[in-house]
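One structure is given here, and the rest of the page talks about it.
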């Protein structure tokens, strides 16, 4: 007797998920393996096991600084883009003229190919005589890139928001700001966090636009690129592994903090 | 109980104005500039605003550009479909998890994307190459006695590379959409005797449609402009429209022509979105079917 | 943003003024110049030689390509954004000098500040970019492109090996790679086909070369895009021969591989890169000092030993032993090889398009 008619499906789903994550992480495991290759040339064959590239990364102020820069501009871009996207998503719940046009406007940065986006900003800032720096030109390029994605990610979440709660609160005489802070925000908060995290990831990984507007303070992808353009970069896998480890540590800290916050409230 | 009876909180233009301002200055202005530049003339001495239609005439007379445009649209469309099929079950899987496991798996989904794409695309070489991990394993197991050549440097590898890099873009919005669906709907349907396929087709998919659309738009737009992946993994035929654009700026100084190619791409994509928009519901989802 | 910039500048000015004003303290503040050049010509081991000798810190921006460097110069604001730039001499001659007198985008060098620029090898003295008696750009390093191949798999003495044809012969199908670069790959193919002056080809010739490349496309394992990728392909045995650079040969040999480059009888692609200072560079004095250092013997010797790229300074060539001169290739100028200077083709647009057609076929 099939007690649970969907058991086969559930098994299939779990198997599929396992395969998916295996395929997702297999290349990363490969990177980790290669990071211990003492040879100057990244890739097989592995000549000797060694930690020398980790030592190189830790002793390289440029690489460590690049990491700091990426995190800084990533956090700033995530903050700004998520805030702007939130405003847009809330606005889109209404009916108003020009909604279609506004949607097209939001998608514009995505539609411009990366290289052109970078060059156009280079020219734009050239005319405005703004010197290239992390928190001006690079931040603008990153927010530009991230905003449409932030909107497309957050809007579906906000769109499905059950308005009966809002109705009830309004009937009870609550002020719009109260409704937002105490009802809407807590419910869409996971969506906002996911969007912010996604925005950070996008910014952290952005490269082609950044290359054209970067000044002295390089981001990680730009630094990686500089390293591979005309020489070997044997320390690259080691740096990639360290980035993953740091993100894991940050995520664990985030969990611990969230758990504490949950218990407190 | 009608939608029009209750207005959501906030004044729409007030909420949207910071973003609109940003987009006008940093989003629209560059686009206008790109289109303007497409009518200029580039020589080895630089780009001058001498108005001319040559950059567009060239795209119409030389069949290469049309071919590559169609190829890019095709590859982007197929990649989007593959990514959708691959990602939807994972998004659903994530909604079935609870508590700590859920967060762990979501972070686990993000983490590979924090290694730079430079690394994530190059890593396929020591995996798929003749001397790579897969061949080495198969040789060692005795399954083959010559390395397999076709694991890499063909169109299939491009799909692999693109889907691998863009899964997060598809999973995330679908997951966010699915997560809001009341599980009681599914329970009710099952109680009434619905088969899994019906549940998917008639409940999950329609309710998660905004997420599906968002994901597809993102992956498609990214795929259409791809140029690193096809070049690195696609072998001698690994070329897409984005490569022609990149070449104008990196190997040549014909910025005006590059801008023209970019403008054509933008135009085609916008037309595509407008045409399919009504059909697959972009308008309904994002604009409520009006305006 | 303007306000923030103003604050930053005024704070810096105050700071500098304060330091300068303290009596008894002679403070040689180390200046920084913004430079654009291939990172490979200032590796970490060699950097202290230039920075130490001149007391100037060099901030080299992320490098994209020689073409992009020239494009950066011709872009709005380009002449005042950078202090020091290096690119392939033949690529920049036109844009640098501008169409007419007085339209130069580079600064006329103060030759008294760059005495080393007068001590170049004879071949490169003609390469100095001049106009109306003023010097605008000085070649500082040079090299050649050829086929890098594995001696264990491909016999060195064969006539085929000592020609570009080795990359196109069906004998080595599936074991060779070209560079994914319109300019260099079309040039190599043209030389293999027997064209003596590839960069002056007309439409018909270009069409023939395109057809040839399309026919031979199935022979290429892939077209490499990055330095590390190319080196990796040779070292892992993915390919046995490829279009390659001197530094790649150096790296592979140091790794213990029996790899060398060929000297194509149909023409060795030969190039040099020159340094110049943009017209409105903010730190021209320091840029002059750096340029001078990079024409010097100490820098030249260090660069050659570290990367195996060659420099234009006559003193460096003279300071090396004859064995070293042969090893690095300083003697190719005397060996009677067929040298083909890498030049900007008459119509680069067509070349890029042709390459696109090859890849799309």
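Order of writing sets the labels: A, B and C. Residues in every chain begin at 1.
Definition applied: contacts are C-beta pairs under 8 Å (C-beta built on N, C-alpha and C of every residue); 3 or more make two chains touch, one makes a residue touch a chain.
These numbers come from a predicted model, not from an experiment.
Enquirer: What graph shape do the protein chains here make by touch: line, ring, star, complete or other?
Expert: Basically all the chains touch each other, so complete.
Enquirer: With contacts counted as C-beta pairs, which pair of chains has the highest total?
Expert: That would be the chain pair A-B.
Enquirer: Express in whole angstrom the distance between the two chain centres, defined as the mean CA positions of chain B and chain C.
Expert: From the centre of chain B to the centre of chain C is 36 Å.
Enquirer: Starting from the mean Cα coordinates of chain A and chain B, work out the distance between those two points in Å.
Expert: 15
Enquirer: Identify all positions of chain C at which a residue touches two or more other chains, and write them in rising order.
Expert: Where chain C meets two or more other chains at a single residue, that happens at 64, 75, 226, 228, 232, 236.
Enquirer: So which bits of chain A are touching at least two other chains?
Expert: 42-45, 123, 225, 228
Enquirer: Counting only residues that touch at least two other chains, what does the list for chain B look like?
Expert: Only 125-126, 131-132, 249-250, 255 qualify.
Enquirer: Which residues of chain A touch chain B once you look at their complex with the stated criterion?
Expert: Spelled out, the residues of chain A in touch with chain B are 5-6, 9, 13-14, 16-17, 20-21, 23-28, 30-31, 34, 42-45, 83-85, 87-88, 90-100, 102-117, 119-121, 123-124, 140, 143-144, 147, 149, 151-157, 159-161, 163, 166-167, 170, 176, 179-180, 184, 190-191, 194, 197-198, 201, 204-205, 207, 220-221, 224-225, 228, 236-237, 240, 243-244, 247-248, 251, 255, 258.
Enquirer: Looking at the complex, which residues from chain C come into contact with chain B?
Expert: On the chain C side, the touching residues are 64-65, 67-68, 70-71, 74-75, 94-95, 98-99, 174, 180-183, 217-218, 220-223, 225-226, 228-229, 232, 236-238, 344, 348-349, 352-353, 355-357, 359-361.
Enquirer: Which part of chain B faces chain A closely enough to touch in the complex?
Expert: Its residues touching chain A are 6-10, 12-13, 15-20, 22-24, 26-31, 33-34, 37, 86, 89-90, 92-93, 96, 100, 103, 105-120, 123-127, 131-133, 136, 164, 167-169, 172-173, 176-177, 179-181, 190, 196, 207-208, 210-211, 214, 217-218, 221-222, 225, 242, 245-246, 249-250, 255, 258-259, 262, 265-266, 269-270, 273, 282-283, 285-288, 290-291.
Enquirer: Contact residues on chain C for chain A in the complex?
Expert: The touching residues are 1-2, 4-5, 38-40, 43, 59, 61-64, 75-78, 81, 226-228, 231-232, 235-236, 247, 251, 254-255.
Enquirer: For the complex, which residues does chain B have touching chain C?
Expert: My answer: residues 44-47, 62, 64, 67-68, 71, 122, 125-126, 129-132, 149, 153, 231-232, 235-239, 243-244, 247-255, 257.
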